[in-house]
Amino acid sequence: AEGGSSTQVAAQPAGSEATYETLLVTTEDNITTIKLNRPTKKNAITTEMYNDIVAALEQAAKDDSVLTVFTGAGDFYCSGNDLSNFTKIPEGGVELMAKQAGDLLRNYVNAYIDFPKPLVAVVNGPAVGIAVTALGLFDLVYATEKATFHTPFSQLGQSPEACSSYTFPKIMGVAKASEMLLFNKKLTATQACELGLVTEVFPESSFQMEVWSRLKAYAKLPPNSLALSKQLIRSTEKDRLHAVNDAEVERLVERWTSDECFNAIMSFFQAKSKL
Amino acid sequence: AEGGSSTQVAAQPAGSEATYETLLVTTEDNITTIKLNRPTKKNAITTEMYNDIVAALEQAAKDDSVLTVFTGAGDFYCSGNDLSNFTKIPEGGVELMAKQAGDLLRNYVNAYIDFPKPLVAVVNGPAVGIAVTALGLFDLVYATEKATFHTPFSQLGQSPEACSSYTFPKIMGVAKASEMLLFNKKLTATQACELGLVTEVFPESSFQMEVWSRLKAYAKLPPNSLALSKQLIRSTEKDRLHAVNDAEVERLVERWTSDECFNAIMSFFQAKSKL
Amino acid sequence: AEGGSSTQVAAQPAGSEATYETLLVTTEDNITTIKLNRPTKKNAITTEMYNDIVAALEQAAKDDSVLTVFTGAGDFYCSGNDLSNFTKIPEGGVELMAKQAGDLLRNYVNAYIDFPKPLVAVVNGPAVGIAVTALGLFDLVYATEKATFHTPFSQLGQSPEACSSYTFPKIMGVAKASEMLLFNKKLTATQACELGLVTEVFPESSFQMEVWSRLKAYAKLPPNSLALSKQLIRSTEKDRLHAVNDAEVERLVERWTSDECFNAIMSFFQAKSKL
């Protein structure tokens, strides 16, 4: 944590912000911001984007910034996993596709578990699926009042990921977590805040202004103190989080090759095509 | 999870619902319901009923149902352990009685810990003692507004059970859990919901209608996805729950043979007989 | 837990309450009360007081009382660690000072982790630093409405202690805990109660009367049942708490010898001297 207080991401040419196709990564005022930039698809995450986000997190871990912020371009925060990821079946068949998707997911979640600096979600709109479950691995979650939080796993024949099978019951208790993770309940921002998933909710009109002025003040605090305190908080459960990630991925790989999941996803696409 | 969508419990003759003396077990719309049926005694649990509930849970685990619901007949959900269980001292004396009661309790709680499908409590009225503490092992807890939650252990010289010494602090924090588990505080349904012990509270007038229409919808979701997701959530703490159950039972067996507990229970019966 | 219902602390001469210079320890109605008595310094804890509190806790663990209460004299509960503790550099230099302060802290927190009876905080005014973080190790926390809860660690280049890096995320979730432990957010009593750090908040006008009448009633409950139930609740995480305490102390010893922390504390004293 030496050097200037405002730098570009090291590996990129100065002034450039366009290394990733659907990701904007910038560093300013000691804050590195990773912005999903696929607004026409509600910032759904493609296979390429998973890898790009991992690369951006690894870069942010090493750069001079004090805080790392994750947010979305446009009206959506992120609609989760792009289900079209499941329509490109490789030569090895569904089993190979499931294995590859599992490896991708495990790697993606590990990047959050191991992230060494305070990680902040600026939830600018609706969040779905893995964009919600990963919030349990963030240190601060600020949401606009128009954000919603939806994890429709069982509807799609799937199961929870991003350590949410562990973090959600820990944050809100099983009786509340099950409604989200098993029974597809969609939360408002206020509900998510009352349950402890969200740190604070802001009016849409002042959301960006209030959040960023606060984050800029936070980014002036002693950086080692912040990073080491965050690591201390996570260190007591880091091994547990990795084990949970492994178990969740193993379960999902099985799900992705099951008839139950296949039929549920087919129904989703059929319903969508009828609109 | 193959076969018809609505079946009787397999080991019972078709149409029969009366195998158990004080328990009604039915399966309909993919939901197996275990109803305590001893309303004149506020559904207090006798030694026989503990064994019957374990048998009903084992049966429900194997049948074709998607959800299992636990509820009470009449105005009470369950007034907990029938204290008259402690008045039948066997030939081996209090020590043997305590040991047998401990084995019964350990077995009963294990049936909840190991239950493989989503388990729902429909709390239709006041809940006392083990009927409250066991809620930490349920996946959903729906309560009527007239339900209350009371665990008067120290008043009776006893100590917490059903893993509540672990689940309650996890759900609501020690500062709230201690008021219930150590200092006998009785919660309203709304308070229990705010603390995360209860999923949602409903007006008494629409309680049964709203809860059952919701549960019937949930029971149509992909069954393997539900069961596997529930198991994933519990798997990270299953060993811990069994260890906690053992420690709590060991503590209670000691309590049941103590003068402090004996005197407290005698005072309870004397106060009752004066009414 | 035999003997009279109201006794003086055993090792002290009868009627004496002044063994400690800035601590009042009394036993009455089965309750041992440890009161910080340095109101002109907002009950900031000096090196001597850390040792005195440990001695008082060890004494309370052994006496005949049923409950132990911790509170402050005057308008403040406790302003935390007296920063002047850091201005007396011993001959061995800053490294030796940091090591000694670490040993003192580890020992202090262990006295809370291992305390065998219900421990109650009566928070009579603002609480700062370790007076806040230690609350996660109490069983009940009653607060006046004018209490506040502030842990400005990163402002001073430091990191969380008293197991708060583990207890706070457990009680309120990481998204709320990080605002306190990383970003110096000060909570009102009502906010702390909603997050589960505080059991209940009372109006200032009736605070002492309501709290003490409640505690006197609690202190008449069966003492073994209370102590054993409290131990049961803590036993599942006692090893974890000791490990967290060690990790936090190790981190702080490093912090106290860092330039970042030195500069932050110097700024604090300079700002103070300008007032």
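Annotations for the structure displayed:
Labels A, B and C are assigned to the chains in the order they are written; within every chain, residues are numbered from 1.
As a working rule, contacts are C-beta pairs under 8 Å (C-beta built on N, C-alpha and C of every residue); 3 or more make two chains touch, one makes a residue touch a chain.
What you are looking at is a predicted structure, and each value in this text was computed from that prediction instead of being measured.
When the partners of subunit B are compared with those of subunit C, the chains appearing in both lists are A. Residue numbering shows that subunit A and subunit B use the same positions for less than half of their mutual interface. Remark: rotation between subunit A and subunit C after Cα superposition is 120° (nearest 5).
In terms of their C-alpha centroids, the spacing between subunit A and subunit B amounts to 37 Å. Counting partner chains per residue, subunit A shows two or more touched chains at residues 170, 172. The residues of subunit C lying in touch with subunit A in their complex are 153-155, 157-160, 165-166, 169-170, 172-179, 181-184, 195, 240, 243-244, 247-248, 251, 254-255, 258, 260-261, 264. If you check the complex, the residues on subunit A that touch subunit C are 118, 135-136, 138-141, 170-172, 196-200, 218, 221-226, 228-230, 232-233, 235-236.
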